[in-house]
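One chain, subunit A, links the two complexes that follow: it is found with subunit B in the first and with subunit C in the second.
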Partner chain A sequence: MNPTMVSSPSLFSVEGMVGVVFLIMIAITIIGGLIASNAERVVRAVAGLIVCFVGVAGIYFFLNSPFVSMMQILIYVGAVAVAISFAIMLAAPEQRKKVGPSGPLVGPLGFATAALLAGGFSVLAFKTNWVQMDKINDGSLRTIGLELLTRYSMVFELISIVLLIAILGALVIARIRRES
Partner chain B sequence: MNLTLLNVIVAVVIAIAFAALNAAYLVWAERRGAARIQRRPGPNINGPFGLLQPPLDGIKLMAKQLTTPGGADKVLFIAAPVLAMFPAIMSFVTIPFSDTIVAKNMNVGVLMIFAFASMGSMSLVFAGWSSRNKYSMMSSVRAVSQAVAYEIPMLITTITVVMIAGSTDLMEIVNQQSPSILHWNIFPLLGNSHNLLMPLSFLIFFTCTLAETNRAPFDLGEAESELVAGFHTEYGSMGFGLFFMGEYANIVIGSCMTTILFLGGWSCPFGLFPGVWWFIIKLYILIATFIWIRWTFPRTTIYGLLNLSWKILIPLSLFNLLFTAGLIKVF
Partner chain C sequence: MTILGLYNNLNTFLVIGAMLFAMGIYGVVTRRTFIGMLIAAEMILAGASVNFMAFNRFVAPDPVTGQVFTLFIMAVAAAEAAIGLSIVVAVYRHYYSIDAEDATQLKG
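Right, the complex of A and B next:
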């Protein structure tokens, strides 16, 4: 850990305020996630998901990449959440989530997984030698575009193939429905 | 530090006041416009030209009880109208009214406005769903399919403009159109675009703005003859007021974006007054067009609406995008 980061700054200094804003963003994200996973009504879960996305967008904005933050809102809130709610409305909006465990092993297994994850992440967090990174680039539209089409062009193409397959799959499903 | 913080706070307060004032007085303008077009008297009793009507309406709405229908999802029912107004106000923060009058210019300004505009459709979904009302439910299904359908051509057309400008900074986009009236993005050939299809992009963008703000002839979401009032059937008091104001705030934002992207923002055709007045003039001409269109055209059907987007606007805007990309590559 960086020695300058160890001593926590005063709450009313600039760093302190910045830290508070960061913690608020994280809190929004976590609360949103909790609502999304615990809500009984599906639409409320979507609302929680949106809160969670907005919190993540806030963290991106805070970390000095406004472009990624805006894309997060545009794509996840504007497209993904709308698509999810569209699917919910076309299906059964009145149906409630089944509350309670669905089997005898669910509780212990879930607990074990959660403990494993929490333990693993804590060990990782404490064992890792955190280095303060330099800013890689300015995070602007232009730099991201150039990087995507030069250094990461393979990834970019692979993602486009995945999307193409998804579109084709959707078309195939729609066609089968219509014919039968 | 303190001074800049103060500047930001003042700017944000002005942005909120501008949004709210516009929302209130555009209702008046709409009612007067409707009355003129339909040859009947509009609100003309309270104050000169009925100008006191909006504050009185506000007081009336605030004095009313906010009722929640039985079986409604209370949290979402209350959250929906807030969600209708809040993204609109957020967008005003980054809109440049002139080269100096802007609360916070961002180099991703275009993205920010579309990001927050896309949040607006969620408020219709929540309102429709949480009301526990068949009509509201149908209305929000319509509103969602409409929002999805018209966001695509709108964003593709915006990408066309962004490609020409080479920037997502709203200030930069306007600055490139500043030299003369012929450099505005709407005019082909002489502007910096050299793109014959720019008037078409303008038409596509303006149509999408109409549809995205749920305005007639695309107001299928609140079609009062079929769905009572759609998603806000169950809302009274300021809940209804917020939906109404959110709609008008969105219209102002749509017109601002059209002005900035196509009509040269604050650049003057001939310098009579400072740029900001030109911006305001262009803005209100567009808003007047919105009102004029609403009271002139009958409502389309939902099939007509979706066909227009998926079969006409999206292919056209995609072709436009490819054509512009080709032009940029060649010249």
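Right, the complex of A and C next:
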């Protein structure tokens, strides 16, 4: 694959330290995801989601994209998690919340489905022979900006309208109707 | 391929994306509350984004496409979270519960 890749970097070389940081990021992501999908209280699930997304931002950093990594922290950790926290404060009565799955079979069946999906996708990833192609640009922030405003400008405008309509729709749905 | 050189391998990122996706699916299936399902759905989208970014880094000829697509996924996820949370608040005002099994007015 990558010609600069060393086959077995030592722990105290630069590549080895980068590998250690990457393993830490994977651990943060997986632990946060497990908390987010298994915690009994919703507030703890949101905290796990934040931890998971910080780890995903670190993984994006390893994929040569510090811009998307920053956007991940700004949008998910900064906006979506805060919005979910507000919704919990507005709508989650902790004292009457029933915990646990709704049936005896839901937990094992859900776990079986998730394990089947993860295993299947992993086997698919390892079995396929991915063909690498030469890069036509460097994928820097400058090229992202140029392509966003030239090739993807229509999609950019559309996503802005989608966000505007979503915000207006959220306000309309959640407002208190005074006539009733 | 040693364990410290994992970050230079496409399969590592694909497995991470698959695990995020699977944890999200597990959360959607087993959660009782609407907010828990919404949190799990965000994790499904994060898994898809990790896959896009991995292919963008390792196999795609234009390394901008995956990043732009991931940005659009983030925007759509933010819109989905806004709409979903407002629906949760409206459901709570009506039923005084965010348990998915309590919202049964349309049940036959």
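Simple rule for what comes next: the second predicted complex is superposed on the first by the 131 of 180 C-alpha atoms of A that agree within 3 Å, B and C clash if a C-alpha of one lies under 4 Å from a C-alpha of the other, contacts with A are read in each partner's own complex, and residues count from 1 in each chain.
Definition applied: a residue touches a chain if its C-beta (ideal position, glycine included) is under 8 Å from a C-beta of that chain, and two chains touch if they have at least 3 such contacts.
Fair warning: this is a prediction, and the values are worked out from it, not measured in the lab.
S.K.: Return first, second, both or neither, reflecting whether A:A79 touches subunit B, subunit C, both chains, or no partner chain.
M.R.: Both partners.
S.K.: Quick check on the superposed pair: does A:L34 touch subunit B, subunit C, both, or neither? Answer first, second, both or neither.
M.R.: In the superposition, A:L34 contacts subunit C only.
S.K.: Which holds for A:M133: it touches subunit B only (first), subunit C only (second), both, or neither?
M.R.: In the superposed model, A:M133 contacts subunit C only, not subunit B.
S.K.: Once the structures are superposed on A, label A:L149 by its partner contacts, choosing first (subunit B), second (subunit C), both or neither.
M.R.: A:L149: touches no partner chain.
S.K.: Pick one for A:I26: touches subunit B only (first), subunit C only (second), both, or neither.
M.R.: second
S.K.: For A:L90, using the defined touch cut-off, is the partner it touches subunit B, subunit C, both, or neither? Pick first, second, both or neither.
M.R.: both
S.K.: Is A:F67 touching anything from subunit B or subunit C once the two structures are fitted on A? First, second, both or neither.
M.R.: both
S.K.: Looking at subunit A, does subunit C or subunit B touch more of its residues?
M.R.: C
S.K.: So, A:I50: does it touch subunit B (first), subunit C (second), both, or neither?
M.R.: After superposing on A, A:I50 lies in contact with subunit B but is clear of subunit C.
S.K.: Per the contact definition in the header, classify A:G110: touching subunit B only (first), subunit C only (second), both, or neither.
M.R.: Touch status of A:G110: second partner only.
S.K.: By the touch definition above, which subunit A residues appear in both interfaces, subunit B in one complex and subunit C in the other?
M.R.: On subunit A, the residues that contact subunit B in one structure and subunit C in the other are 67, 71, 79, 83, 86, 90, 93.
S.K.: Flag every residue of subunit A that touches subunit B in the complex, lowest number first.
M.R.: Residues in contact with subunit B: 14, 41, 43-44, 47, 50, 66-67, 70-71, 73-74, 77-79, 81-83, 85-86, 89-90, 93, 140-141.
S.K.: Report the residues of subunit A in contact with subunit C in the complex, numbered from low to high.
M.R.: Subunit A residues touching subunit C: 1-2, 5-9, 11, 15-16, 18-20, 22-23, 26, 29-30, 33-34, 36-38, 42, 45-46, 49, 52-53, 56, 59-60, 62-65, 67-68, 71-72, 75-76, 79-80, 83-84, 86-88, 90-93, 96-102, 106-107, 109-111, 113-115, 117-118, 121-122, 125-126, 130-139, 143-144, 147-148, 152, 155, 159, 162-163, 166-167, 169-171, 173-174, 176.
S.K.: Which bits of subunit C are touching subunit A when the two form their complex?
M.R.: My answer: residues 1-27, 29-33, 35-36, 38-40, 42-43, 46, 49-50, 53-54, 56-64, 67-68, 70-72, 74-83, 85-93, 96-99, 101.
S.K.: Quick one: which bits of subunit B touch subunit A in the complex? Just the residue numbers, please.
M.R.: On the subunit B side, the touching residues are 1, 73, 75-76, 79, 106-108, 111-112, 114-119, 121-122, 125-126, 129-130, 137, 140-141, 144-145, 147-148, 151, 168.
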